[in-house]
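So, here come the structures, one by one.
In what follows, subunit A forms one complex with subunit B and a second complex with subunit C.
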Partner chain A sequence: MDDYLILDNIKTYFPVYKGLIRKKQVGIVKAVDGVSLSLRKGEILGLVGESGCGKTTLSRTIMQLQPATAGRVLLDGKNLCELSSSKMKAERINVQMIFQDPYASLNPRMTVYSTLSEAIATRYPNLGRRDMLERVSTLMKTIGLNPSQMKKYPHEFSGGQRQRIAIARALAPEPKLIIADEPVSALDVSIQSQILNLLLRLTKEMNLTMIFISHDLSVVKYISDRIAVMYLGKIVEMGDAETLMENPLHYYTKALNSAVPVPDPDIERSRCRIVLQGDPPSPIKPPKGCAFAYRSPLPHTQEEAEQEGHLKEVRPGHWVEVHPATVDDYRQYA
Partner chain B sequence: MVNPCNLNVPEERLPSLPIDLNQVEGGSSLWADAWYRLRKNRFAVISLVVFLGITLFSYVGPFFCPYGFEEMDLATRAQGLSLAHWFGTDGLGRDLLARVMYGGRISIGVGFIATAISLSIGVVYGAISGYAGGKIDSVMMRLVDILYAMPYAIFIILLMVIFGRNIVLLFVALGAVQWLTIARIVRGQVLSLKKQEFVEAAVSLGLSDSRIILRHVIPNVLGVVIVYATLTVPSIMLLEAFLSFLGLGVQPPMASWGVLIKDGAENMTVYPWTLLIPSFFFSLTLFCLNFLGDGLRDALDPRSSKD
Partner chain C sequence: MPLLDVQNLKTYFHTRNGVLRAVDDISFSLERGETLGIVGESGSGKSVSCYSILGLIPMPPGRIEGGKAIYDGKTDLLNCSEKELRKIRGKRVSMIFQDPMTSLNPFLKISTQLMEPLFIHERMDKKKAFDVAVQALEEVGIQDAVQRMSMYPHEFSGGMRQRVMIAMALINKPDILIADEPTTALDVTVQAQIMEIIKQRQKDLGTAVILITHDLGVVAGFCERINVMYAGKIVESGTADQIFKNPLHAYTVALQKSIPSLHEKGKPLYTIPGLPPVLIGERTGCSFAPRSELPHTPEEAAMDGVFTEVEPGHMVEVHPATVVNYKQYL
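For the complex of A and B:
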């Protein structure tokens, strides 16, 4: 097995309480509801879905910043959910995260040098001052910042530069797996491409495995080897980036794909867009059966809508949720 | 489909600088920026200078004063302002200048030491409570609520009555009362900081809890704490004056400004300067500290300032 990360039926639920003194559980938000996937070493998996579908919760669960309600996170064969807190602390340097907001993800009271050296020290605790300076400088060069700025504070940098610093901090402990949680969505489009190219180059050079989370399909398409589409806490379609983009099967993927604007006004005006009706259902009270059915224009009966779809490998490596409301002519997959 | 990300931005050129540490530019920390803003606030600077002047006067002045604070000279009782006794003398013939200086030592000392005590308890308690969260947080904060509900003046008076009037106890008692508010403020700040991404990043680096609290949480709480502390010093000084006024504070012949004001108030119809002079120094100090606190708040949190 060369799978580096395996998620086995991950469930992350949040209880909803009511009442001030005698708290009563009135419901459960199933933020992540049974996600299974695996990543080979060196692979970039794009995770897409609209706001609130559980992308960030899933990433926080993998990072063990949020305990999983059920399921296993296997990193290189070790189940992170079962490690004791001290063993987990030692394991953390192998998985690092790049956060969404470069304005919130750096400590405003620490210089770039202290931020990066703190991160480097988690892997190399006994470095001398000279070696540490050397490493910080190299790291800053790698991510495209001038090492002469190492004594500056985060507020003296622009958003794109801060995101570079955040990437440097994530790379500093020499992790094997990087989780990038919408690392470019807070940045300008011109800066986005720089950061994406940087990430792409670094993952190749350092042989990193990466989960790249975004709600922007065009960004994900650009960077990923494989793409997984999430809808209301579940993966509804997963496959090679190219196959998934050129031949999406799930109606939701098609809708997401058609929402990507084309930077050519003529094509943009004439192309056919799929606009989904209604909002995604509330995760507190998900509809019975298929959560997508009531938004789907595909023909299905009420009875069918109340049955759950299930993930099926329709082609090698291409998984899709098979249900009358999600795929055209679902009988061919049965 | 055209890829909007593929804008053909040239691969960024890495700076090929040698590592020359002499070239490292200095950054300006948030503290340096705050100090710069504070210096531009005229009221705050004047307050700081005046306050430092009063402190110097109280702590260094007695070395140049020919009279001791408890030295009685019945021949020069209740004299007005003169060259020999700049601030006059009180009803027992003690030099008021010497007494005001010694009183300042006690009053300012009480204010700062009690604030330091309340800070060290309050910051640690609040940070632990906020960082731990959950049940620990609930229990720790309910304890604060209960202590809050106790009438603190009575609490201090009881302490004074039980353990006798003792200046060290006074420091501790005042500090022990004031830490509650600081603990609450710090806890609130920590609760919001804990959810910040840079703290989560520190957690995912596998840093120890104590390191996260000390390096990532507390430095970011400190601004608020400093402002609150500057405003706590005058309120503790007032409390001390109040206790001394009731006769529960500093024991004679020792003097604090509160004691001097009390003595002066008893004789104010006969020799009013014994009330006016200590009152003037006391009020001036309180004014300065309050202005300074205001200035610090504007400097440390520029968004909250009016202009």
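For the complex of A and C:
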């Protein structure tokens, strides 16, 4: 078995309370609702979806920062959901996160050296001063910063450099799996390409497995081997990056794809853009049946809309939620 | 006669570390009904230039050191009194900001915020203003507008809030709408909706739009003319076709090259070497020269670029380090 990470029917629910003193549970938010996927060693999986679709909750569940309501997270064969908190702490060295906003995710009162050495010490607690210094400077060199800057504070760096430091911190404990949660969304285009190059180079050099979360399909397409599209807590389409981009089947993937602006005036003027109507439904009161049906322009009856769609493997490795409102000509897959 | 004519605008910030030249001598004009895009990285001065026009620069530390912004051939927005400016701001020229979370007042109902410009500028009575506001909400695609009017901003999603902002900005049918990164904080699908609405409302009202963004994809489909800014200066200006099909300035070329969607998988993305310059202190020579891959001597780098019209409507900063074969344009 060469799958490094397996998610088996993960469900993460949040209770909704009403009232200040006498709290009453009035509902449930199904942030992640039955997600199963697996990652091979060294693979980059892109996770796309609108805000509120559960991408971030899923990544927090993998990290066990948020306990799963049901399901299993298998990392290298170990079920993380069953580990005690102290054992989980030890295991977490292998899984590291990179966050969206490098302004908020670095401690402003710690120098680069203290930030990085703290992270290195989780893997190597008994390192001498000189060894630590050496490790910090090699790490800074790998991510393209000058080691002479290690005594500086985060505010002395630009946004792109800060994101590099955040990446260095994630790499410091020598993890095997990286979860990058919108790592380039807050950055300018020119800096974005530097960071993407860096991430790609590092995953290759260190044989890292990565989950790359973003709402920008053009970025995800470029960096990932496989892509999973999430909508309201569920995976609605998953497959090879190439297949999914060139031949998307789910209408939501098509809409996401066509919403990405193309930097060419001719294409922009002539293309027919699929603009989805409305907002994603509220996860507190999800519509009955297929959550996408009421935004879908595909013809379907009310009865059909209230039926659940099912994730089917339509081609080897290409999974899609088959439902009258989500794919053209759904009968051929049924 | 252009609707807005900005000439030699200079906005400096006097900081403890020295004078920061955020906008350094830029000129551009905007015709009635036109869509102008201003593109550049963060810190290139694109927002500051538009804030200066509306008198929204905090002074101190900011100071407008020179220039004119002639609106409608009469009023100079940079040198008129606060009273005059108030009559124009929000009525003739209005603005949408990047973050709809922070630009709506969380304590006030949508109705209060939407009707306020009508009370101030049109002196409408309450009943009429309410009807106009409801209609404005409907026009930006908000359903159940009457119920929505009595809600607070936190009850709206990000995309809905940005729609409310658009409705509010356009409620007095302004001549100019300045949209400062209106979709940066939003998802791609919502971004497509919002851009569609701005386009539609622009068509209905004949408003001129200035779109400030760092996303080249958005301007390609939306704008007729584009200004590219770098380090407080406009380095290239032209129609969308000129900028995208025949970019001349090395920075414009580099920006376009670094977009991931145009890259083949597996090949490293193009990156611009070096970092944007520090804007504090006196600058001489071409600010892009240190990052340019075009061959140039140190003496040439110390020369100033010349902003020249190279073909009708296409202006570019001509300098050995910015334009290939620069001599042909001089």
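The rule we apply is simple: the second predicted complex is superposed on the first by the 334 of 334 C-alpha atoms of A that agree within 3 Å, B and C clash if a C-alpha of one lies under 4 Å from a C-alpha of the other, contacts with A are read in each partner's own complex, and residues count from 1 in each chain.
Heads up, the rule we're going with is that a residue touches a chain if its C-beta (ideal position, glycine included) is under 8 Å from a C-beta of that chain, and two chains touch if they have at least 3 such contacts.
Owing to the predicted nature of the structure, the values given are computational and were not obtained by experimental measurement.
Shared-chain residue A:Arg269: touches subunit C; no touch with subunit B.
Contacts of A:Asn197 after superposition: both subunit B and subunit C are touched. Of the two partner chains placed around the shared chain by superposition, neither subunit B nor subunit C is touched by A:Arg135. Once the two structures are superposed, subunit B and subunit C can be ranked by residues of subunit A touched, with B on top. Judged by the touch definition given at the top, the superposed model places A:Lys221 against both subunit B and subunit C. Touch criterion met: A:Ser148 reaches subunit B, while subunit C stays clear of it. Of the two partner chains placed by superposition, A:His300 touches none, neither subunit B nor subunit C.
In the overlay built on the shared chain, the residue A:Leu256 is in contact with subunit C alone; subunit B does not reach it. Shared-chain residue A:Thr122: touches subunit B; no touch with subunit C.
In the superposed pair of complexes, A:Asp101 makes contact with subunit B only, with no contact to subunit C.
The interface of subunit A with subunit B overlaps its interface with subunit C at residues 189-190, 192-194, 196-197, 201, 218-219, 221-222, 260-264.
By the touch rule above, subunit B contacts subunit A in their complex via residues 1-7, 9, 11-12, 14-15, 17, 19-21, 23-30, 196-198, 200-208, 215-216, 219-220.
Contact residues of subunit A toward subunit C in the complex are 50-51, 158-159, 188-194, 196-197, 200-201, 215-219, 221-223, 241-242, 255-256, 258-269, 273, 275-276, 279.
Touching subunit B in their complex are the following residues of subunit A: 63, 65, 88-93, 95-97, 99-101, 104-111, 118-119, 122, 133-134, 137, 141-142, 144-153, 155-156, 166, 169-170, 173, 189-190, 192-194, 196-198, 201, 218-219, 221-222, 245, 260-264. If you check the complex, the residues on subunit C that touch subunit A are 41-42, 157-160, 187-193, 196, 214-218, 220-222, 240-241, 244-245, 254-256, 258-263, 265, 268-272, 275.
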